[in-house]
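First chain written, first letter: the chains are A, B, C and D, and each begins at residue 1.
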Amino acid sequence: MKDHSHHVKHQGTLRILKTAKGQIEGIMKMIEDERYCVDISTQLLAVIALLKKANTEIINRHIETCVRDAIETGLVDDKIKELEQLMKHIEKNL
Amino acid sequence: MKDHSHHVKHQGTLRILKTAKGQIEGIMKMIEDERYCVDISTQLLAVIALLKKANTEIINRHIETCVRDAIETGLVDDKIKELEQLMKHIEKNL
Amino acid sequence: MKDHSHHVKHQGTLRILKTAKGQIEGIMKMIEDERYCVDISTQLLAVIALLKKANTEIINRHIETCVRDAIETGLVDDKIKELEQLMKHIEKNL
Amino acid sequence: MKDHSHHVKHQGTLRILKTAKGQIEGIMKMIEDERYCVDISTQLLAVIALLKKANTEIINRHIETCVRDAIETGLVDDKIKELEQLMKHIEKNL
């Protein structure tokens, strides 16, 4: 059940990344065609938003795994620390 | 013990916010003195970085509370969902 | 005329910063009262959004100054380079 | 000369986007291989950083064009307004 749910979520994230890849190809074409810079920037910001969405999905899968691992293994403090490190990384890089 | 640890962490976050408040007062003075815009912007970006740090500390306290609540109450799915909602909010607003 | 317009814009930015300062004081109170972490985080993200708005206003004043300076002084390449450096700084820190 | 310089800069931005596209393909493979979520997130944040860099290059080309157009056409206020709109868009979406 959990594996199945994870698999379904993976498919969603892969779809987002496939879309992002297609948009980047489109932006490369826009640059080659010397299109208006503001339109190119708007498209770039849209891809960045898509990748942030993919990142949230990955993070959320990680949170779920950590919480369930904490319960199964009893290594609660370790799992909390692992999530806290990730949040610091996101703070600096999102 | 947990309460004490939370209290200590609150003190740290309050200290960051006090610093941020002082920096904002400094920036208001810079604007009144018609200082160089790039210097004002640099200071504003520094306060934003401080507030992101305070936000990570608050988020991390929330993660810890959620994980411990999940274990104590057994409402694992609810707590995971609560954290996932928060991540989506951060994705859009950080 | 230009000075007057700059003065009016400064007043707007100062008002935003005054609001941000008041919100930070409110957040400090929320932390002392041990309010719900998600509500505190929401308020922090709102202050960050306000400070980004203040930063855009400062940046826009700088762009205006640079463009007018480029025309008046003829140091076009220098002023373009100055704006480009600022954009790189924003990319890394916003 | 200006056209040549623009062409060179386009090549640099296209190279960044080609790298970003390759990294996204790598991330898709990581997801299919069920790799560690934190490693996937780190890679996603790296692609986002690359795309922000590409965006800054596009913005900087736009700034240069706007400043030169302002001088050539005399439509200084229009060009300043165009840049200010762009900054507001970046503030909300970067």
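Details
In the analysis below, a contact is a pair of C-beta atoms (placed from the backbone, for glycine too) under 8 Å apart; a residue touches a chain by one contact, two chains touch by 3 or more.
A quick map from chain label to UniProt name: A, B, C, D = Copper-sensing transcriptional repressor CsoR.
Computed from a predicted structure; not experimentally measured.
Homomeric contact subunit A/subunit B is classed as same-residue, with over half of its interface positions used by both copies. Between subunit C and subunit D the centroid-to-centroid distance comes to 22 Å (mean Cα coordinates, whole Å). With each centre defined as the average position of its C-alpha atoms, the distance from subunit B to subunit D rounds to 28 Å. Counting partner chains per residue, subunit D shows two or more touched chains at residues 52, 55, 59, 90, 94.
Shown here, the protein chains touch around one cycle, each chain meeting exactly two partners. Contact annotation for chain pairs lists A-B, A-D, B-C, C-D, with touch applied as defined.
Residues 10, 13-14, 17-18, 20-21, 24-25, 27-28, 31-32, 34, 37-38, 40-42, 44-45, 47-49, 51-52, 54-55, 58-59, 61-62, 65, 82, 86, 89-90, 93-94 of subunit A are the ones touching subunit D in the complex. Listing the residues of subunit C that touch subunit D in their complex gives 52-53, 55-56, 59-60, 63-64, 66-68, 70-71, 76, 79-80, 83-84, 87-88, 90-91, 94.
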